[in-house]
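Listed after this line are the structures, all set down as structure tokens.
Consider the two complexes below, in which chain A is the common component and chain B and chain C are the respective partners.
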Partner chain A sequence: MEISALIARFDEMVDNALFWLGDHAAFLFDFFRVVLEGLYDGALWLLELPPFYVVALAAGLLGWRVVGRGFGLGIAVALLACAAMGLWPETMSTLALVIAASIIALAVSLPLGVLAGLMPRLDRALTPVLDLIQTLPPYIYLLPSIALLGYGPATALVATVIVAMPPAIRLTSLGIRQTPHEFIELGRATGVTPAQMFFKIRLPFAVPSIMAGINQSLMMAFGMVVIAGIVGSGGLGETIYGAIRTLDIATSIDASIAIVILTMMLDRLTQGAARPRKGARK
Partner chain B sequence: MTLPTAFSPGAFLAPAIDWLNANFHPFFALVTRVIEAVLGAFEGALLALPPWALIAVVAVAAFLAINLRAAILAGCCLGFCWLTGLWTGSMQTIALVAVAVAISVAIAFPLGILAARRPAIEAALRPVLDIMQTVPPWVYLIPAVMIFSLGRVPAIIATIVYGIPPMLRLTTLAFRGVPKDLKELGEAIGAKPGTILWKIEFPAATPTLLVGLNQCILLSLAMVVLAGLVGAGGLGAEVTRGLTRMEMGLGLRAGLAIVAVALLMDRLSRGALQQGRRWRRPGAAG
Partner chain C sequence: MTQADTSDVLIDCRSVWKVFGDRNAEAIRAITERGLTKTEILQEYNCVVGVSDATLQVRRGEIFCIMGLSGSGKSTLIRLLNRLIEPSLGKVLVKGQDIATLDAAALRQMRARHIGMVFQSVALLPQRNVLENAAFGLEVQGVPRDERNRAAEAALAKVGLSDWTARYPSELSGGMQQRVGLARALTSDPEIILMDEPFSALDPLIRRQLQDEFRQLTKDLGKSAVFITHDLDEAIRIGDRIAIMKDGVIIQTGTAEEIVMNPADQYVADFVAGISRLHLIKAHSVMIPAEQWQGSVDGLPRCSPEADIDALIGQITETGSDAIAVEDAGKLVGIVTIRNLLLGVRGDADATPAAAA
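Then we have the complex of A and B:
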């Protein structure tokens, strides 16, 4: 069969290319890995520094301030339950991964989204790329990163950042573009500088949309971090992966409960953070 | 650093699952057999023709249903799957997605219509859908694996459940968005409720319904690929093999084949969407 020969050639070429990259560009990927793992270790160190009840209490207070008393109490109890199930280190390393990935993703996508909002041409160039990223199943983003960065949290971070960027870019650019015309004209008429135009007029109108983008990015990041358990990211994803392969029902239920708790917490907290500001402005 | 008293809801639930497995085994076995039979038939049909013949059939169908561009795209995508040497895996993945989407739609469509008619049902469904859409896809696989063990059946069940929320939401939205005067017109000329539903509301709701279908397909594909981890076979299994054994050539080929399948499904369902708009326009004018 000619196809099988073609395939063998292809596989060989891929392997050779990866070897070549490993030989010649290792320092670059090592650098990336060190930076990414440093960020992750930093976040993890911060989260593991205080004992678990302090973290639960802090999260509870944050929930109370941002969402409401019942919710704050709920997440404090839920986090204590995570600790009681013996999954505290895993829960915190999952949270650290989400935080590290979201910081990188937002650091890239918020400025990019603002630029795309101001420059329609950039927006048009980005749209097909974002469409493609969102069309493909998130699972496959692990492939290039594991090939270049190897097994470990850095791979999980790269794949997570790719998945988390599109919603933030899209909604930021949408928010910037949706500034009401009257206000832009008002700004022009009163002769504001471009910087004032951006910070005092365009940005405030975009805040609700940007917050929605951050919320969606966080949720995408969370989904990906859990999947990334397969490449040795550590955390709840790896716990579940191990438990499923050995059909350990009790552990996999516990770990899924912990995942659902974390998801709800992040989702409601970011949604809650978006709401009051919107209300204050209108 | 954990609490001294071990607390594990899983340890309480595990016996319950064991009990279910022991006492409802005939039921689960029946479900497994039905799903395997349907999937097997579908896969058999896709694999019965040689690859070039199936590619030709799909391209011609896309040309007749949509346009030349869609036909070329469909041909290229499927041809690419063939060239990667993963034709069987691609067809398995497509069969899984097709069966899962069909069942998801069959469940979500009537529920969505009901939710559009009765606000109480919608109010009851909304928090459930909210939770379903925030929970990461991995979590869906776990209960399915517990009951149906590893293989294609848990994969398709998790996929069906995962595909329901977007379709249900957009069905509700679609039927809620049907202009009132159209429905009143139907009532005024004395049409039966069934006639109003199929001849008036359904055509008016088609564009939004197709958006729901597109989302349902893409989410199902993501889930089917992920389900390679629990032994669902298809392209997901190849990616998993590539990832865990570090066979990057294989992983890359499988990844690219998934890209081709995703593009094929997305563009074809979107093409159908544009076609739907075109049908609707003369209907709304006349």
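Then we have the complex of A and C:
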């Protein structure tokens, strides 16, 4: 058989597989859709429950406590600016998307990362998969999801979850693997059980690396959530996509500023939470 | 050497070998069947013999030092004693029990309750304060917080760190960190403490101080210890008995005095050459039989057989006498002359008695 025919055959098989999944596993994807949208709606409902100034104030107080007074004041003002630009509902819906996607991504990638850290063979098997996920252009993930889940936030969530998982898996695995040898020996000589070895020795040493992984996953999620505007994710991504189509430069810049504000807020907050407590430094 | 009552032997290490390398099983067979040497094993099987045919006994209440330079296998040997490393060949009995036969749970129990360990790197958990570090051993045994904190406080008090319980390891000096390491080992109240070069990274003054404190504390608490060091002075200061290791082999075991007076080979002799004899050598090693002393015994100053040369020199210079009578429980057992003392200082007291004055 000729090469081109082989490739045509392969493409056909991929299409058929997707159609088959769409026909035969529709109930499964409907279920996914309900779960994903439920999570998203829940997060959005919580964020839109209080008026915008209350959310800005709460974020400011959190920022003050975790990072510092200047930062707290800064994000409170910045969030108010988002509302002033008339982008408050979009900003909150983007935040809800990122939160929902990150919760799912971390629920999968943290345990997976821990397992990979404890089992070198699993780690070796996962590495090429993660490489693949991270090298493919991120909007590739939108296509199969739109075929199976349709237009809307659920599709955006799935693509975002896929993109957000690799950093958390990698850095969690790394953190678990990098327990200093003398502490492993201390544990063994003290007579710890395998569970104690994990929770009392390996995990505390891995926390900074795991927190860095969570932070990186959040950043990836932000990037993807904006791209997912194409598939009707709602939020700032869709605002920007719409502005691009109508060449509305002013609106696209407003929305970009709102995205930068959100991204910086979550980045600094998670980094601040990851900093070791007083005296715990070596 | 007299054989102690077997119930008093806490660690009995019998002809233990450790061979590292991918083909260690074949290498071990070659050692047992063909008696290959270390170098032959390295050449034929590309395996390193870490410990070779090591036999030692640690008795109750004894501080047993293992002295050797880096690469001599001493750190491997101490890890064989609590099975952090599995022996390739031979047996290790702790309190009469072959530890190779223990299952995972029983081995954890053995390590948690009977064998404490202190490391050169100290290995204090940086996220925990001093008290929590000291209580770690009891924590993993599931002892309630109040009880384990009380035990940890008591142990920290013994090493003089009562005021530092709430501090974190990074706030402590190296010497203090190692005290916490020792307190952590003591908190679980084990009979045996394995000390893996605990003071090697400390500066000399602090090291001296900790050596003395450690010996005092171990004796006061009636613990037994195996103490690894690369420093012969340290081994002599701390150890009741010393084993000298070279290239994985224990080349001599004995008290400091035995080793200094009768080195097993040139290697040991070179090692002990620079060691001061003043506090090591006792009257019973340098004395001559009383019959060989022509003068009167009555006017001589008295000393016990355990008096060291330094004390004897003190007595001679103070009294102006030419000799000292050695008495054990009121009975005359020998005489030490000035000539014996001088030879003792030089370290060849053995050659003396025949030509006494």
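Basically, the second predicted complex is superposed on the first by the 253 of 282 C-alpha atoms of A that agree within 3 Å, B and C clash if a C-alpha of one lies under 4 Å from a C-alpha of the other, contacts with A are read in each partner's own complex, and residues count from 1 in each chain.
Throughout what follows, a residue touches a chain if its C-beta (ideal position, glycine included) is under 8 Å from a C-beta of that chain, and two chains touch if they have at least 3 such contacts.
Everything numeric here is computed off the predicted structure, so don't read it as measured data.
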| item | value |
| --- | --- |
| First, second, both or neither for A:193, with chain B first and chain C second | second |
| Touching partner for A:14 - first (chain B), second (chain C), both, neither | first |
| When both partners are placed on the shared chain, which of chain B and chain C touches more of chain A | B |
| Contacts of A:201 with chain B and chain C, given as first, second, both or neither | second |
| Contacts of A:183 with chain B and chain C, given as first, second, both or neither | second |
| Which of chain B and chain C A:103 touches, first, second, both or neither | neither |
| Chain C - residues contacting chain A, complex | 82, 84, 107-113, 115, 117, 119, 121, 123, 125-127, 129, 136-137, 139-141, 167-171, 194 |
| Parts of chain A lying in touch with chain B, wherever the complex brings them together | 3-4, 6-7, 10-15, 18, 51-52, 80-81, 83-86, 88-89, 135-140, 142-143, 146-147, 219, 222-223, 226-227, 229-231, 237, 240-241, 244, 247, 249-254, 256-257, 259-260, 263-264, 267 |
| Chain A contact footprint on chain B (complex, rising order) | 1-3, 5-11, 13-14, 17-18, 82-85, 131, 134-139, 141-142, 145-146, 149, 218, 221-222, 225-226, 228-230, 236, 239-240, 242-244, 246-253, 255, 258-259, 262-263, 266 |
| In the complex with chain C, residue positions of chain A that touch it | 180, 182-183, 185-186, 188-193, 196, 200-201, 204, 276, 279-282 |
